[in-house]
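These are the structures, in structure tokens.
Across the two complexes that follow, chain A remains constant while its partner is chain B and subsequently chain C.
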Partner chain A sequence: MSESRFNPVPSDDKFVRLAGGQLAKFALNAMAGLALVIYLLSVLAGEAGSTTSGNAIDFENNAITIALREEPPQLDANRATDASSNVVLAHVMEGLLGYDIDAQLVPGVAERYEIREDGATFWLREDALWSDGVPVTARDFVFSWKRVLDPETASQYAFILYPIKNAEAINRGEMPVATLGVRAASDRILEVDFERPTPYFDKLVAYLTYFPVREDFYNSTNGRYGADADMLLYNGAYVMTDWVHGSTMRWVKNDKYWNRENKGFLDEIRTAYITQDINAKLNLFKDGQIVDTHLLSPMLPTAMEQRWQIDRSMDGSVFYLEFNHRDDRITRNKNFRRALQLAQDPNELVYKVLKEPSYLPGVSLFPAWLSGVSESFQKEYPPVQHQINVEKAREHLELARQELGIEEFPPLMMLAGDTPIGLLSAEYYQQLFRKHLGLEFRIDVQIFKQRLEKMRQGDFDVVLSGWGPDYNDVLTYGDLFSSWNLQNRGRYSSQDMDALIRIAQSELDPQKRMDAFGEIQHLLYEDVVILPMYERGFSFVVDPRLKDFRRRSVGPEVDYNYAYIEQSSD
Partner chain B sequence: MSDLTAASFAPLSDQQPSQVIARPSLSYWQDAWSRLQANRRALVSLYIVIGLLLFTVFGPVVWPVDPAMQDIDQISQPPGTDRTATLVADYEPWFGTSGLPGTGLRLAEKATSQAVRLQWDAVDGASGHRVYRNLFPIGPELSYGIPMAEFLNNDTLYFEDRLDLQPGRFYYVVVALDERGLITDRYQSISVDVERVTTRTEALERGLITESNAVQIGDKITLAWHPLGTDYLGRDLLARLMAGARVSLFIGIGAPFLFVLFGVVYGSAAGFMGGRIDQLMMRFADFVVALPFLLFMILFKIAFGIGPGESGVFPMLVALVVLLWPATARLVRGQILQIREQGYISASELLGASTPYLIMRHMIPNTLGVVLVTVTFAIPSAIFTEAFLSFIGMGVAPPTPSWGSMSNEGIKTMLTTPHELFFPALFISLTVLAFNLLGDGLRDALDARMRNVE
Partner chain C sequence: MWLYILKRVLQGLLTVWFIATATFFAMHNVPGDPLTNDRAMTETTRANLEAKYGLDQPITTQYLIFLRNLARGDFGISFVQENREVNDIIREHFPVSAILGVLAVVFAATGGVLFGALTALYRNRLPDYLIMFLVILGISVPSFVVAALSQLSLVSLNTLVGFTVLPVAGWGTVMHMLVPALVLGLSTMAYLTRLMRSSMLEVTSSDYVRTAKSKGVPPTRIFTRHQLRNAILPVVTVLGPAIAAITTGGFVVELVFAIPGLGRYFVEAVQQLDYTVIMGTTVFYGAFLVFMVILVDVVYGFIDPRVRLDS
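Up next, the complex of A and B:
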């Protein structure tokens, strides 16, 4: 019995070996075959790629295809806050004033205007029409602005209208909406009263919260205004004809637009993709499916290898470490903040860690692109030259320890966004402060909304934060750290700062006003309110056949309003 | 025949040699071990597993580098990079050199990895310049490369590049801008060879030289050695792999051990008691199977008070144990149900064996093979789960590494610096493969029915 079980084993073994050998041969052949097929396919794909150019540019229909970052939650300009809504609305709507191709303020619906100390007057042009052919009137602006400030609308950007008389009180529900300092003197004359002198009001009205809304159309939408393509009236260079939620949009040239000779040269813009995934966008661009995409530093070698013409733009925002100045926080101690300030160097962060060529190392809250009286603001008011000094940093830390009367510092919370750059910076600072100062930081990674919520509640010690400009004036940054600004998440409060911001808000003499900003900049450094990290920029590529495409620092991040397709000459 | 004496009837002595046909008696474990030894794949896997444990436990002793330390001079360096660097003075800001000899685009001083300082004469008819850097020479298609800086007037005719300079050749281009600030096709270019340098302060800080060292500016020194290269923050990859192994293997071995133990107890209790209790217990197991793992992972994280920025390794362990035991329990219950009806159990019972004896002597040893195999297969799946959770950011918090989170970070730069993804991925694959093959071998070795086959 046992013998019969023993004997077959060797032959079994042989069989197994034979089968194994065959299997190995088969696997080898299969792999080789597969590799060949893949190679052939890639060659074919390469051939195909060079003959047909994808859908990015459609010569026949004079149309382009683009990708949007996100699906806009809705397109009600009065309530929009996100970048994607801004991009869409900047193409389909127009305010009293707008920006030309070189980002200079130019007339929009208003053909001329006048700003006085106590108010402003706008004269509307006759030929500005809604997409249904009805003229845009001053009443449309009055209705829109009142709606923004109505507490029931709960517009997050209502504060941008606060220069208008009674606006703040109305928004708080302390006064009736009818008392707002704006009225239509006639169909074509809009009168505005100011709460306080606002010399930069012209820059404000170009912002999307100030866009007009027509009352009768608004009422006909039954509260669904801006929720769909047919739930919105347009007065911009394009009209949106289709909006398949979560998937595509179609913007078509607006043939009722008054300025169609200088704006809106394309017959159609298709937003065929909604994606945040930058690698996916790069592949779409490579395959000729979209006309432009921005690049992160790991993609730059690929872009150079492809011999693309890489361009750059500043997106206008400044990023910084913001401290929590509330009473129960260690970061309220100035020596502690000074220690952190002296232990870091934004140059190292940008040049060695982030490695983004379009980023500028942060030197101040006021970015390099802002203009001062006659030249750039940073040139007229140079920021403090920052030098890393670890020894002095340690001294300040010791002072802070004694002032706070604690044995050692507890772990601190560093709030950061979940973007790759945000995480990278947070990890860099975590180790930097540990190495130089022996401080323990815990990184609290949150998605954008949650990070804002935690900032609002003050649930952080240090937060990696940033601010993008809403309008083209230094004040868009300058009033951030006033004690009354709700965006001052760290609750920094200083009488000197408040006094300077009051001057900056209402001084009419440009020189004195800029001097105040210069002092604000100095105070921000001396009081260590924030630690500037970087000014964000983008490296991007655009299809060489599309001309006059722009990326903006104020207004929409991508602007196709002036773009046109160059008809191939050969 | 006739002279039989009493002496003839003496018993044979005990030590009478006789032919015995037998082989050495082997215990169950000896037998299993010998069969495992015959399985070369399993044996190699076993050595790999032992090696991994040694790597985790003794690795940090042999290679005592802080896994959180950032070597900013050597970011994303693949293994085997040239590490010699020239010592230079500390960085001083530079705003152009007046009266620099030469014309056109030229270097103001020797190009180093600290800074490349370029100076040029205004291009004819330019109302500004833009500086580009390229890895390739400028071709006829005028793809200039990465735009580094833009000057909208002719006041600034110098540029200092400090961005991520690695030793090697770069091509710099200065392109003239027209009055609207748009690029034209007029440019000057230069190729630059960058040399790796480090400053005295940095070298002191990283312990490459000491104060007493007689190293002068201009001397060559060797930067810190990173056998497997560094990651995106200049952290030593080998040290991080060792630290990451601690998390990965703690979860990978701890969790399966605990949930299999619980599963065995639960399953054998259900199987042995049978009837209504068995039904009840198994329906509860079904209920647990239906619970969503990720949701519970998040709930446990909150329940354990793991604040933001703290590593959630312990709740991960608990979640794995609480949610993954039913598979083992079912398997063991099935085995016990089968064994309970075997003839030898009835025989034992008839002979008066007590319940504990039955369980200890007959049931558990007979399920052991199944159980051990479950453990070895559960280990790789737990390592994968940990890797997955850390990959999506639910696991460890920075700077604590784990193989999963390291892969997550490495994948972002997969095309430019593949080693950052390769090594953690290799370790995950190797570990999972080793445990799988070992489990395979153990199943064969421990199967009681395969006994005495050879």
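Up next, the complex of A and C:
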């Protein structure tokens, strides 16, 4: 420090200037250091699961990139229950029947079939192959279906196989699995016996729980069937070659697929992103990283500014207020329910409160896209024209008060999900019933599983609930309020309803069957079993270079099976 | 010294046990369980599933089984991600969160120290006002807003330039990390800037700096040796907990940028009531946090000899 002894004390300005210079030097060093750290981290990250990055459309490789909503829990079709698994399986597997580009039922593994009163026969095509080249046989279906119903498997979708003879008893553990009414008459003939007439069985077998599983392959997986890309045999238009958990998947064209001339035109589909964040998806789409995304109403102005082609589709589900019909509940009183029914208007909810342009006001439990005998069900059986009538509502409320013998109505519990739309709807009904009827509702907001559990326990007066279709038939909604349906969480029970549902399940004459559904629809309104809120739809955008992409009401929510890239003309 | 460390580790274990127990019983008291699904199950199916996962046992038995497995470091298999062990989920996804976290901390620390020193040096002048304004923004704007906004600006940037300068989301290359890490570290950076600034100002007006000036020590030397070095101590103190907080708290950023980190599993497990994953991630994060706090206390003893650990 010898030389510094002679330095004069610098002025503040000079000090700042010199120190600032030093700081700048540090900053430069820090930048260099940062660059090094980033480099090192990138080397590390290469090993910690990376997402394939590419463009939404890769012309050279005839490939597209998409985003998945969530990571499928596993890809065992017999046990799958969630939307993401449904999307993946619909591309890599095929059932006896499937859906064509216009969502019409068409042959899949079965080239033809016959449904009789007591059973059905499916004739399998000989060129349907597994991805290892072995033919798909009737035995693969027998093995799969028995496995679904085996109580040991504990498949949550086992109920969808109940029309098969002895299925329900087997699933309850009351009969041995071997007694199931299905057998392979030969490699290519599958015989099914019914428990009761099931005219809609063709629509059921298109559902993924009915997909085939090959026994020898299943046994070779040591209980890890469907856990990884190589733990699954494929028979669909695509095969999955890579599955990095929580991160990416790759589906590649299946060159053994029998129908490759009409389905599966892309060489590769990459699911590079897993995100539920709809804003993130929109940004990825804007940046040209994924081929499609759906939009919420606040995003529509942006989409219009970008001059995107906006399409709409119904996602298939219907939402409604469900009442608790248990004995100790006020909502058991029909006049009370009628009062609520007359005080509300789904049009107001959809057009003035929710303002989602792709939603339809709820008029019935049976959504507008369902077909009846020859055209749309709602056209053949128009729902009751509902009109708000506050005066009459108050009269019914007064009647209810007298019937119940109470002075005043206590506060009631309205159970709702924690989604923005759910909350908005609950608040709308809360203020509406307060204003028109002077009733006090307390909103009980619960996350998904907790809401379901509270519904199961009957811990509500009214609940904002909904239902999505499993198969393309009115019955997928039609039997919801039968006294034996476990899904009927409000415990509505009526002999008329049960009798009508029995007809709807078993009647072979399509006209009589639809008539029964028409009466069910009427009874649901007259008995005020539910108050329909809305049918959910989506606005969505697709990269204009990708053609024939579909969003579905039944089956996978997004369908790339028929999609192809339009090669530019120049 | 060693006795002190041992004592802290034992305390830490007790803390982790407490976290695990509280979480376990809170989780089981929430209505519903992992098996609850929107397609109602038959009694037989439910009974079979409950038996398979041991949910049919009394809660105390389940707790004891959990403790026994915990002692072995085995959290079991996820209810939702069937076929996947919770340990595998942590092993595969924590590194991603950790890398992102480390980078965020590096950003936060360098940025915080540099900007803090700068504002102190130019106190009450333009750079000070400007940076402190940004600091207030950084502290008060929640990360999901910053994340969404920065993602949006990336889109605009890429559109403007005509090619992908920085990817909008995803994971894998350095380019994927930069913006998420910056967003993740932003509030910490802002906090550290403020801390560094006040710490610098305190040091600047201290006796030893005045003495050094009057002795004629060169300004650059005073700045680095006397001011920076002393002012940086409080920053080091908060860095440990900050690393833990950033590494475990990145789920919003992970969600927005579609990054396959552990934070997402942590949050989704709660929504899905995925018992084993809830326990696994909570205990893991808890232990990690406790470990970092102990580490900082110990390291602090080395940096600042005035801190006597064993007393």
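Here is the rule we use: the second predicted complex is superposed on the first by the 515 of 570 C-alpha atoms of A that agree within 3 Å, B and C clash if a C-alpha of one lies under 4 Å from a C-alpha of the other, contacts with A are read in each partner's own complex, and residues count from 1 in each chain.
Convention: a residue touches a chain if its C-beta (ideal position, glycine included) is under 8 Å from a C-beta of that chain, and two chains touch if they have at least 3 such contacts.
Bear in mind that the values here come from a model prediction, so they are computed numbers and not experimental data.
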Touched partner set for A:N219, first chain B, second chain C, both or neither: neither
More chain A residues in contact - chain B or chain C: C
Touching partner for A:Y157 - first (chain B), second (chain C), both, neither: second
Contacts of A:S186 with chain B and chain C, given as first, second, both or neither: neither
Which superposed partner A:Y351 touches (first chain B, second chain C, both, neither): first
Contacts of A:Q511 with chain B and chain C, given as first, second, both or neither: neither
Which superposed partner A:S374 touches (first chain B, second chain C, both, neither): neither
Touched partner set for A:S483, first chain B, second chain C, both or neither: neither
Which superposed partner A:D102 touches (first chain B, second chain C, both, neither): first
Touched partner set for A:M304, first chain B, second chain C, both or neither: first
Overlap of chain C and chain B interfaces on chain A (superposed complexes): 5, 9, 446
Residue numbers on chain C that touch chain A, as the complex places them: 30-34, 36-45, 48-49, 52, 80-84, 89, 92-93, 95-96, 99, 102-103, 106-107, 110, 114, 117-118, 121-122, 148, 151-152, 154-155, 158-159, 164, 167-174, 176-178, 213-224, 227, 255-258, 260, 264-265, 268, 271-273
Contacting residues of chain A [partner chain C, same complex]: 1, 4-10, 14-16, 18-23, 26-27, 30, 33-34, 37-39, 41-42, 44-53, 67, 70-71, 73-74, 79, 81, 151-152, 154-159, 171-173, 224, 226-227, 244-247, 272-277, 279-280, 283-284, 286-289, 446-450, 452-454, 456-457, 459, 485-487, 489
Footprint of chain A on chain B - complex, ascending: 68-70, 72, 75, 93, 133-136, 139, 141-148, 150, 162-164, 180-181, 232-233, 307-310, 393, 397-399, 412-413, 415-416, 453-454
Residues of chain A that touch chain B when the two form their complex: 5, 9, 102, 297-298, 300-305, 307-312, 347-348, 350-353, 355, 357-358, 385, 411, 413-414, 418, 420, 423-424, 426-428, 430-432, 434-435, 441-446, 539
